[in-house]
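The two complexes that follow have subunit A in common; it is paired with subunit B in the first and with subunit C in the second.
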Partner chain A sequence: MENFCRRILALDRRWIFFILLATLIFPIACPLNLEGLKPSTGVKKMYDFIEAMPEGQSVLISFDYDPSSAPELQPMADAVMRHAFRKKLKVVVVGLWVTGVPLQKSTVEKITKEAGAKEGEDYTHLGFKPGNVAVISGMGEDIYATFPTDAKGTATSTIPVMKKLRRLKDFDLVVSISAGTPGLDTWIAYGADKYKFKIGGGATAVQSPVMSPYLQAGQLVGLIPAMRGAAEYEFLIDKPGAGTKGMDAISLGHYLIIALILLGNVAYFYTRTKPAGGVA
Partner chain B sequence: MIFLKRQFPLAICFVVGIAMALQYYVPSTWSQKLGSQMSDWYIVISIFAAFLGFGSVAHLHYRKVSLKAHGWGYSALVFVGLVLMLIVGFASGGKQSTERLPDEQGENGTPEVTKGPDGKPTKQIERVFRPIPDQEEETDEMELAITTPPVPLPPEKDPKKFKVLEVEIDYAADGKVTKAVERKYDRKGNVLATREREIDKDGALVPYEGTPTSFEWVFRNVLFPLQSTMFALLGFYIASAAFRSFRAKSFEAGLLLVTALIVLIGNVPFTNHLWAEGLGIHHAHGIRMEMPDIVAWLMGTPNTAARRGVGFGVALGIIATSLKIIFGIERGYLGGGD
Partner chain C sequence: MSEVLGFWVAAALTLFMFSFLYKDNPFYRMGENLFVGVTIGYSIVILYFESWLPKVWRVIHPEAGVWFENREWWVLIFPVTLGVLVLTRFIPKWAWMSRWTFAFIVGYASGLAIPATLTTSIQKQAAGTVQPLLTRTPDLEGAEADARGAEAAADEAARKDPTSEDAREARVRAEELRQKAEAARGAGEAAEDAVSVAEWNEARKPVVAKAIVPLVELAAIVEAKAPATSDQISKAKAGQEGAAKEAAAARKSADDEAKTAQELGAAAGKARAEADALWAARGKTKESGDAARAALETARVEARKAAIAGKRAARAGRLALEAEKRSAAVAELAAIILSGAAATDDQAAKALNDRVAATKSALDASQAAIATRIGAWDAASRKEYMLLTFYRDVSALILFVGVLSVLVYFFFSIEHRGPVSKISRLGVWFLMVYFGASYGYTVMGRLSLLYGRMSYLLDASDPKQAWCATPILLVIIIGGLVFLHFKNKGQEPAA
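This part shows the complex of A and B:
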């Protein structure tokens, strides 16, 4: 037993990598459809807010992430956009991360095609603008000046969906799908607090706890945390997607890490009082 | 020279810092205009900063390559990546896919239809009039004034305000499309681009999705997998690190370990299912005790309280540092030397 514990403590990390890889691949190849998904408070609030928006209201969705966080955040971006189009809201898409621009474009194309939304009338894609905080401040004052054209070069002021959307406060909701800075916290500090508009969003698992004070304080109308939040949102809109598919892998990955931590501690306590190499 | 290197930047920093701090709290029109103007300046300066960053990266890696320092091969790869992306970016015009003329935003004109003796269309020209942004219009006003624009625009449309996109379709006697050509005009009526549209075997136009550019290809096939891989690797390192370092070596470490395990296990939906359905635990002493409730309490009460404390501390630190920079006490950003 002691030898086993010492071997566990000295386990080569490549074994851990291999076991984790096998644990993650298995449910992706053979979905387990594990039960128990229950929407958390932040996700429910976000869903309820959009669900209560009357047809024709406007939502600005900011894609504040890049490919590194796409597996975690893309499912929630898809889910929120699907929900917005299902509610027949007017959707405007922007982004603050330059490497996220192609993600915006492909998401807009995929979801609008699926929803049968018409460019210019139901949605528009304004694209990316460098400047982080300055872009948010600029949009707070005058969107037509900050984004003179949309991503395709059409004058923003002439796009039907933008006719009544001159400033950030003209939007009924702003949603930031955020992987860091600039992201949800930037939108809150430099946008929502100053220009007075409703904001909600989604964040990575690392960023979500940082955002929870904003949710508690009511500065966020809702918060979708990581892939689990995306899966919960997909559950609420009754459209399972990449978030739901990824939950099996994430669940098994969590269980494996818990098992490894427990195993490491058992081995640690068992060998703690015994001198190394000694035989009882 | 000392004035330009020291006093002048300090003066700019002081004036701009104070102006922007006041601007935030003054809701008047001129204050908003000032904020907007400064935002534009910020964007312009940040673009210059990108060039500075480019120069800095190039200088650092050039030194490593020239000195054949440890890992200089990776530095050489940085240059390969830089140059390749510049070429690809310029070649693609920064676009991800070629424009999709039929889907362009703008006003659809009435199609010009030429009919044959049997009354069936032999040719049709569809046009989209795309409004030109105001800024572009101002830029080229002088040039337009001396040009007679042969733009195929209806007489009521001001050629300064519209770009024209056109699709010319030829039909066979059986109504099938034999040829379709797209043209894009500039505001002076010059053809900027011509492209032949694809026709399917039934003689109908294939919906044009736009052709991905080399820029899009690099993004999809190089940047996307590289960034995703780098981030995914973190998961493996976290698993290994958790196994090695998450040990209850003291009371505090034990407390952290137990809390982390509860949050970890509680974040798995299947645990909730086992807890509620398997063990049948829903309430204890009149309090909801489902797994998500326990996790929500841990995350929402002690964790958020700690987060708030950290947040206040960071904010106060930022304010103090900002004031030191504005008043010239902290001068590290000016760099060293005389």
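This part shows the complex of A and C:
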């Protein structure tokens, strides 16, 4: 036992990388379809809010992430957009991250095609503008001035879907899918709290604990945390996607991490009181 | 071709990055440098087209116009000057001038950030923290006991003097508590009902999905408008028999449920009549009042059983109707197939309608399963809200203690000794719990990202889509690492 514990403590970390890789690859190759997904409060609130919006209301979706966070955030961006189009809401897409522009474009193309939405009438893609906080402040005052044209060069004020959407408070909901700053917290501090509009969003796992107090204080209408939140949202809209597929791997990965933490602690405490020298 | 190239480049860069897990190597360094270079290059191009061209260049020199034709060009003098001053960082002698720009940025950002942070992170968060600490309301059993006690007290007061003010007040109090208990019981029963409906819908989802299969298959045969083959004829016979059996079983189950509901309904009616009679005839003694109340409670339980059975019977009836309708449609389709002749246009059109309706019913069943499960969660939350306020109180209390102790930990104007030290120690515990939760989320985030790359690498292994990019690149990179290992053997510094 002592030898085993000392070997565990001296284990080359690359073995752990290898085991973790194997653990994640296994459910990708052979899906386990683990059950028991139950939407958390933040996800449920977000879904309920959009579900309760009448046809024709408007939602601004801000893509505040780039490819490095896409595995976590892309599924929730897809799910929220699908839900919005299913509810026949008017969707306006923007982005605050320069390296996220291609993702915005491909997502808008994919989901609008799938939903049969008409550009200009059902949605518009305003694209990216540099300036972070300045962009949010500008949109709070006058969207036509901040985004004079959409991503394809059409004058924003002439786009039918933008006719009654002059400033941020004209939107019935703003959603930020956020990987950091600028992101959800920027939208709350410089947008929602100042210009008084409803905001919800999704965040990476690292950001989620920081965002949770905003949900509890009622500053967010809903919060989708990480890939798990995306899977829960996909469940709620009955459209399993990348988030749901990833949950098998994430769950197994967590089991492995918990097992390794326990094993490491047991080995540490077992050998702590014993003098070294058990292993050749 | 460009898609295949994209797969190769992305897979190669991903594997280059992962190669660092083995140790630092030229593949990793190449990927790292490429990442930094491409990101900066891409950002510069985007910023040039999104910022410099529209915000500066086209203002002072419109595409078809004359220099400085736009009268607002002078607005740019200040920001452009500040921007240019940043570039003085490259000239050590003038580098100090860039501080003006940074001073402006810091001042501007502080002016913007301080009020926003005060409102968002302090004022509103503090309001979110200060919640009622005690919102306890009695649970169902407590509420019922309170109501019973109040009823007994009201009876007692009425026995002494039915016209007295005490008796009236006791009656009002008893009524209030009875209503409270009713509300708590109602929430509990609603949650039970919602769970039962959700379970029924979840059980129904696979049943409907399976039951529509013969209908969909036979409809497809009829839609083909060709004389049926022997296989198709056997399929039609089997489908017809199966659907008829299913409909008969569903009808029998519905009849049984209806019978049970009827019996329970009759028993509930009888119990209620007896309880009403006892209540009306109760004398002034405590015993007769208790007996009447017990009878009313029994009647209520019986009524609840009957109501549940009634709902089950109604659902079973709906299932039976659906099954009979399906069976009739299958029989009709089977008759067309068994006739041996090709289906007419009308028959094919009707088969198409039947098939679409059947598919839609399966989709509806799937949606209903999800919607009712959500409803069950909602009802459970409402029940929890009404009955389990204890947990809310505990949460609010923990939050309050946590915020206070963490604030004490960060308050350095007093020495951390005695009780202050103990409170600040508690604050450290709360911080550790927060860090633990954050760590857990971080692990989840990193696993998600790793999953994303693994999933991509598997996609890039596809022979058709990506020409086996991942395995080939893996072999090349491992080969390269092995080569470098042997080449550098003996040259690495001792650990």
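Assume the second predicted complex is superposed on the first by the 277 of 280 C-alpha atoms of A that agree within 3 Å, B and C clash if a C-alpha of one lies under 4 Å from a C-alpha of the other, contacts with A are read in each partner's own complex, and residues count from 1 in each chain.
Note that in this section a residue touches a chain if its C-beta (ideal position, glycine included) is under 8 Å from a C-beta of that chain, and two chains touch if they have at least 3 such contacts.
On a predicted model such as this, the values are computed, not experimentally measured, just so you know.
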Inset, instruction - Considering only the touch criterion stated at the top, classify A:236 as touching first (subunit B), second (subunit C), both, or neither. - result: second
Legend entry - First (subunit B), second (subunit C), both or neither touched by A:20: both
Legend entry - Touch count on subunit A, higher of subunit B and subunit C: B
Inset, instruction - May I ask you to decide whether A:150 touches subunit B, subunit C, both, or neither, giving the answer as first, second, both or neither? - result: first
Inset, instruction - Please indicate which partner A:37 is in contact with in the superposed arrangement: first for subunit B, second for subunit C, both, or neither. - result: first
Inset, instruction - Return first, second, both or neither, reflecting whether A:69 touches subunit B, subunit C, both chains, or no partner chain. - result: both
Inset, instruction - Would you check which partner chain A:128 touches, where first means subunit B only, second means subunit C only, and both and neither mean what they say? - result: second
Inset, instruction - Please indicate which partner A:193 is in contact with in the superposed arrangement: first for subunit B, second for subunit C, both, or neither. - result: second
Inset, instruction - Could you tell me if A:4 is touching subunit B, subunit C, both of them or neither one (first, second, both, neither)? - result: neither
Legend entry - Shared contact residues on subunit A - subunit B and subunit C: 17, 20-21, 38, 68-71, 99, 101, 129-131, 133, 137, 148, 194, 209, 213, 216, 228, 250, 253-254, 257
Legend entry - Complex contact set, residues of subunit A against subunit B: 11, 13, 16-17, 20-21, 34-38, 40-41, 66-71, 99, 101-102, 105, 119-120, 129-135, 137-138, 141-142, 145-146, 148-150, 152-159, 194, 209-210, 212-213, 216, 228, 231, 247, 250-251, 253-258, 260-265, 268-269
Inset, instruction - Using the touch definition up top, name the residues of subunit A that touch subunit C in the complex. - result: 14, 17, 20-21, 24-25, 28-29, 38-39, 44, 68-72, 98-99, 101, 127-131, 133, 137, 148, 185, 188-190, 193-194, 204-206, 208-209, 213-214, 216-219, 225-228, 235-236, 238, 242, 245-246, 249-250, 253-254, 257
Legend entry - In the complex, subunit C residues that touch subunit A: 21-22, 39, 42-43, 46-47, 50-51, 54, 109, 112-113, 116-117, 119-121, 124-125, 127-129, 366-367, 370, 374, 377, 434, 437-438, 441-455, 458
Legend entry - Residues of subunit B defined as touching subunit A within the complex: 24, 32, 35-36, 38-40, 42-43, 46-47, 50, 96, 99, 103-106, 130-135, 216, 219-220, 223-224, 227-228, 230-232, 235-236, 238-240, 242-244, 246-249, 257, 260-261, 264-265, 267-274, 276, 292, 296, 299-300, 303-304, 307-308, 311
